[in-house]
């Protein structure tokens, strides 16, 4: 792996979920996690051993400190974390069960991140020696300021010659600040090199979809955004809350690379699955430089494994990902 | 929905289950719930927004108070709850797992409800403005007194012109007081308008059973009990403790209405499934007055969702039930 | 059942598993169990009502006392348990999930059992009135002393005319003391009458394997070890961490007896599955003396049920095992 | 007790506290409660059997529903609860321990309550048949709107002839909206009849303070606010986080009534102690009409007992309060 | 210690307490224990290494089995435990806190024990080789049958020459079957040799009470019951729920032996304290035969330590008791 | 504060304690912490913001990774942490309660640290730019190798001109490798500048002890170890397991500096108290360079606060320590 330094920009959220998969109203005990699309990517990259740093803001109070320690724990550099007195965004989640979907109650309005001034970060300093910048469509969705801040970051990253990756990550409950994602995103995507999905939660990809269809979809994006060199899709088929199918696809302008399709039959927690996929793609592009098949295989296996783990963070080692790819069946007891 | 006021009569029980699905003997921590067939129906109706009141007895001690608060919490009117110094019935449950069935240890003998005097309730007062009375076969099963009390209630309800619904709810471990259900039930069923099942736990209904067979079964009951206008069946197919099939059927003397059959593949708790179905039927008959197909669809979806929820109570909103019926697949994360 | 007294020799271990199936690093709460291949067999036999006694060593401290009480609780006679100041072996386990395998971290080096002197037990006393001796391949794997001690025990048991059963139980992470299992085991197996598997974790048995193949495999062992009268195999097919198939086979030198194949679709804990099978075989050989089909049916059903239970111990009654064999489907709620 | 109907106005908050008294950062499990000064008063009054109703706002989401059910559970009438899409205020608390003080992290900015329009409530409707209005200094502290809304409510209550009680409840972390409490409170207090403390957390009252000093303090307030007929003080002496002294004092313009001083030596949770005192005063003024000594005795005993209970709510029956007053020592096991 | 075999007769109860010392209504999780005055004595004796056996009845269901295993675990012989289909008595307890007393909700009416036929036990068999019989005033309190059964047992024990000990253990919530304790107890006490207290919960013994007063009290009992050779008292002074004083006194007809008085300042669970004292007396009379000072010192220290332990059972070794007596201060960390 | 870099050498242990302060044998759930005298000092220093690095060894398995993350989380530099396949030392602790002392079961024999080769660390590299080295008497106690390794480290540190601090930390259960602490420690202490206690757990220091006595004690040590410039003592008076007194004393060869004496009346966890004191001394010597009174005040307050916190780690900020020193009473709720 060549010298690298990856920067992410995004909001850190506290996640609160009723313990033991109870419904809201059934329990007065909540388990807390830290999450957020870009944090999930960053923690996953740090955990895989990449050099990663996150630009964000955290409250100066004790729970803000806890969040900061969470970053350190997973080897995400915290040099560029601002501390102030604004609130930490929160989201409450309730687990899905059988035919009942999961629920998210967002309580992230007025968060410190959404209120950051546009010049909060010194990008010259942050991008010093950096080689890669990752952002997602959640950041411009939270507030006008955040959208402007994202734009500044992308432009500076582009100017400094970094590779730029993005995950569209459309969330209908966000984008409340006055503009729609269709108005904002295209301009931000213009300078990006690696793109994930359009609306990745929309299940437009079926196993039966031909490679040609993927290629056309990907080529479309490349035509629209000429800097884009790699398009990835993660395809989720929802059979029930507990059983999904999962497959990754990558298009590089020449060829479609497709992972095997996984049957995820006893899902523990799907939140963060897409972020784990994105982290896997970034890791794969660093680790398997010329080998795009290995890249998509890694990303898909890593994110398939995420579905078996509680919380946003993909608590999986790269060795476990590789073992899953190379063995027929990873699920033996090692003893 | 027209003006209505629904009355139920039944026993409230404390349910104690080893936490985290341990077997008896594996844990010294129990999670407590309140349950009982008629309470489950009442709480479900209150939760769906119907006007419902329960005639029962609770101890005057603190746990009796807790049970009373449980009723209030789910909008079940408690005006007709007697408080005295007799014991609260208890049942211990152990969760099923794979090929191992669930276990219920009843400790409800000598409960306050089973010892109620026949004239404990002032039915003239209770049925004031009431439009509907619901009872189940569990109530006459617990004691001779309870059986007599049920008879009085049914007669008074009939006399006052209420619609009467009943759920057969046969439990072999009950009916210990001297008479069998075959001796007692027919007389009680004579004045009922809506009936659920005969032995609903006996899996006599398969997907392949024809509508004609249902019609014949239902017609049989209507012939035997001429006041009966609607017969419903819930059909459970047990593949393993974790995987059942579930389907509802309704016959109105003219036609068989059948819901879709659900695959319940990762069951959390099947206890209360039948009660959730009964509540769904009563709700459906109120909400979708002329539309019996909507009624059985609602009842079946509501009770299918119950299987994904811990505890006796069907902690589901009517909006979630409707969403499940109208969407192909309810199990997406809303965010 | 004839008069009998079963003796086992083996190490007792403390097992620590992150609660609620968390991964290592996700939780700072561990649930503790006691386990070990021979203890699992002994506790299962005691629980089924056989007369069983275990020769082992436990620390004199409070956790050693707790382990001792565990044996008493499941009716394993503790007369031959040595108490000293050496350490109790520990193993940490992490549950499997979907495509991710389970993990075992052994911390059993330098345990009291592994350091036992060869003459620690007075076998004349222990085998007084005994009729059966059971050991497994884990015992000689832990240390040279333990291997020698096993040899002495087997020879003494043979000399006293006991029936001897063994479970090969190969663990690649053990056998660190200088000799390989191929060097040590054959001599120990020479005097055994009942043998389980060779490498039972290797999935060499498929449903499609013919009875003839089993017969040949079994006959091979009998030819090599002429005292051997019964060979059993448990065949596990791993579809995912949550879904295995499970079948037992028994060969008596004349005929192959095969249980039905179980679909284990929502596995709770597979650890101890093989031990539950071995206990079932020993129980079956005592209870169903002439009837080898009943024996393998019992052993397979008992061990299938184990997979639905947390912890090493097969917390199942013999009545539940029989119910599973005789009913189409054990998974109904009894109420 | 005469006919009465008590109205409160105030914010409902979710409280999240690390379980088992861990510090922030030591646990990722939080126990949730609902609280807020006026809710605590209302729930206590409902629990004592008074007729009480709360004007507030709750989110329309599931956690808002849970909060609504909490009110119902403790017999607080919810007719005047607005449901909308704004956020529910949150506060995180960390328990005190020995010499370490407790910590509160407020996350209540931008809550639905703080953003209520001034005309959100129809006071004519709410005060229909009402006899008493209670508010506290926390409500005007949260936002300008809330301060104006409080003013409107007080004026309307006064106009309708209700008795008005208030608790000063000064919190230095609030009052961030532009005016100080000194600027806002006097005008609001002008029409109040019953007042609690000035800065009740400031420990200006010692056991050695003479009745004369109390009388002067109380008379001062009555001179300033001529409608005021009763002034109460709760006096807390902090020896350590686990050991406080607690005493209540009441002045009616003529005489000082003083409760006994309690030694609170193993405090479980002091949050809500002052609210429990206020509720006790209101209850006492209703129950013991002419008897002000009984009133202050009840209020002080009730709030002393609160310190032994987890959570904001004073889960104590009036019988327990009376028992504590009349017995030398309430702490025997009843059996 | 001479050869001995101690027999107890009494009811086994399941105890359910809200976890983490919550009040009833604050938690839906209960921790379960097994208890009962005589069981507590028996388990303590077994734990100290005496030979003890209990005559009782347990349900044949799984929770009955769990109770049976509890006895085995603490070395209480279970040969004379009847298993039948009657219910297991239950009691719910709520912990005391500061000035609030603890609460017990009995749910033991109609238990299997209370319904035992008078000839349920074969005392000739049970008292075979026995040397000591212990009973308490709780047993005759539960039902007429139980009182008669106690009488039979005492007479048979006396006839066979056993030493008989008794603990008065008056509980006002029991004795509901028609006779008062004053009517029943004297006849039962007539043949007893060792007696504890009269109304041990009544705090009639203060530190300042003179030895002469104790001697007169004890002598009174000996005059009334001439077989009585030893009278013991445990004296509890209740300062708050968390702080008691504790002292034991013994009178042998000649002299008063008094232990030191313990300050129990952070009580964890007082239930079972008196039973721990009784067990300590019986142990002391066996272990320190001629030395009555050592006997009362042991009993008092053992029962003082009980107050620091959750649950009915005095989970203390005899070495810990001795260490507490001999050292100034037991509360150092051993490391 | 001047430029500094502090190095510690010591063993990291896993600590397992029954949850909710249960005794061993009462719970099968353990809470895990990481601890060890030098780790506790290092984590405390990192938490106070000093630059600190730890030389130790951790297993390469997942729990070793968890321990490594623990160091990162509290800002302890992990550059010099060796990873290998040896075991992690464990210790089990049981909380003290009232008159019952706490218990520690060590399971640290054969740990990776105790088996480190003498040349495992490259001290030239580790001490590069370092200014301070801290060790404790636990390290030479665990094994001969560890003692030799400590000696090498001290000599190298002295040679490089670092200040050296040590904590005697005598543990009678350690020192099993052949030499006594009296034989080993003096040589190691010869080159140290700051020393804590001799046997700090022995309560030889009472409040009434005069400053002269402290001065003589300290001077004694300085005479024996001429490099020693500062001697500190922490004085613990044990009234019960829940109530200690705590005071710190410092002697600099000229004068005795004494902190106030704290009453620790509701102790949560005393383990790590001495380590928190040592960390406070080191912090104080850095932060309050010339001011030894401030140094001992800080160290004593910090370690007093530790007693109110679960686990080995002193989860306290330096601001909280300062607040405790400057205020009369730290235990108010901040809100």
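A few remarks follow.
The first chain written gets the first letter, and so on, giving A, B, C, D, E and F; residue counts start at 1 in each chain.
We adopt the following convention: a contact is a pair of C-beta atoms (placed from the backbone, for glycine too) under 8 Å apart; a residue touches a chain by one contact, two chains touch by 3 or more.
Chains and their UniProt names: A, B, C, D, E, F = Sugar kinase.
This structure is a prediction, so every number in the text was calculated from the model and none was measured.
Think of each touching pair as a link: the shortest run of links from chain B to chain E has 1 of them.
Fewest steps needed to get from chain B to chain F, stepping only to touching chains, is 2. With centres computed as the average of Cα coordinates, no chain lies farther from chain E than A.
Where chain A touches chain D, over half of the residue numbers in use are shared by the two copies, so each contributes mostly the same positions. In this entry, B-D is the pair from B-E, A-D or B-D that repeats the interface of C-E, since more than half of their contact pairs coincide by residue number.
A centroid comparison over C-alpha atoms places C as the chain most distant from chain D.
Between chain C and chain D the CA-based rotation angle works out to 180°, given as a multiple of 5.
Chain geometry summary: the mean Cα position of chain A and that of chain E are 62 Å apart. Averaging C-alpha coordinates per chain places the centre of chain E 45 Å away from that of chain F. Looking at chain C, residues 20, 23, 25, 69, 103, 266 sit in touch with two or more other chains. Contact between chains, per the stated criterion, is found for A-B, A-C, A-D, A-F, B-C, B-D, B-E, C-E, C-F, D-E, D-F, E-F.
Contacts from chain A toward chain D in the complex involve residues 16, 19, 23-25, 28-33, 61-63, 65-66, 69, 87-88, 90, 92, 94, 103, 105, 107, 109-110. Residues of chain B that touch chain D in their complex: 69, 72-75. Of all the residues in chain A, the ones that touch chain B in their complex are 20-23, 25-26, 93, 96-104, 106, 171-173, 201, 238-243, 266, 270-271. Per the touch definition, chain C reaches chain B in the complex via residues 20, 262-268, 301, 304-305, 307-311, 315-316, 320, 324, 329-335.
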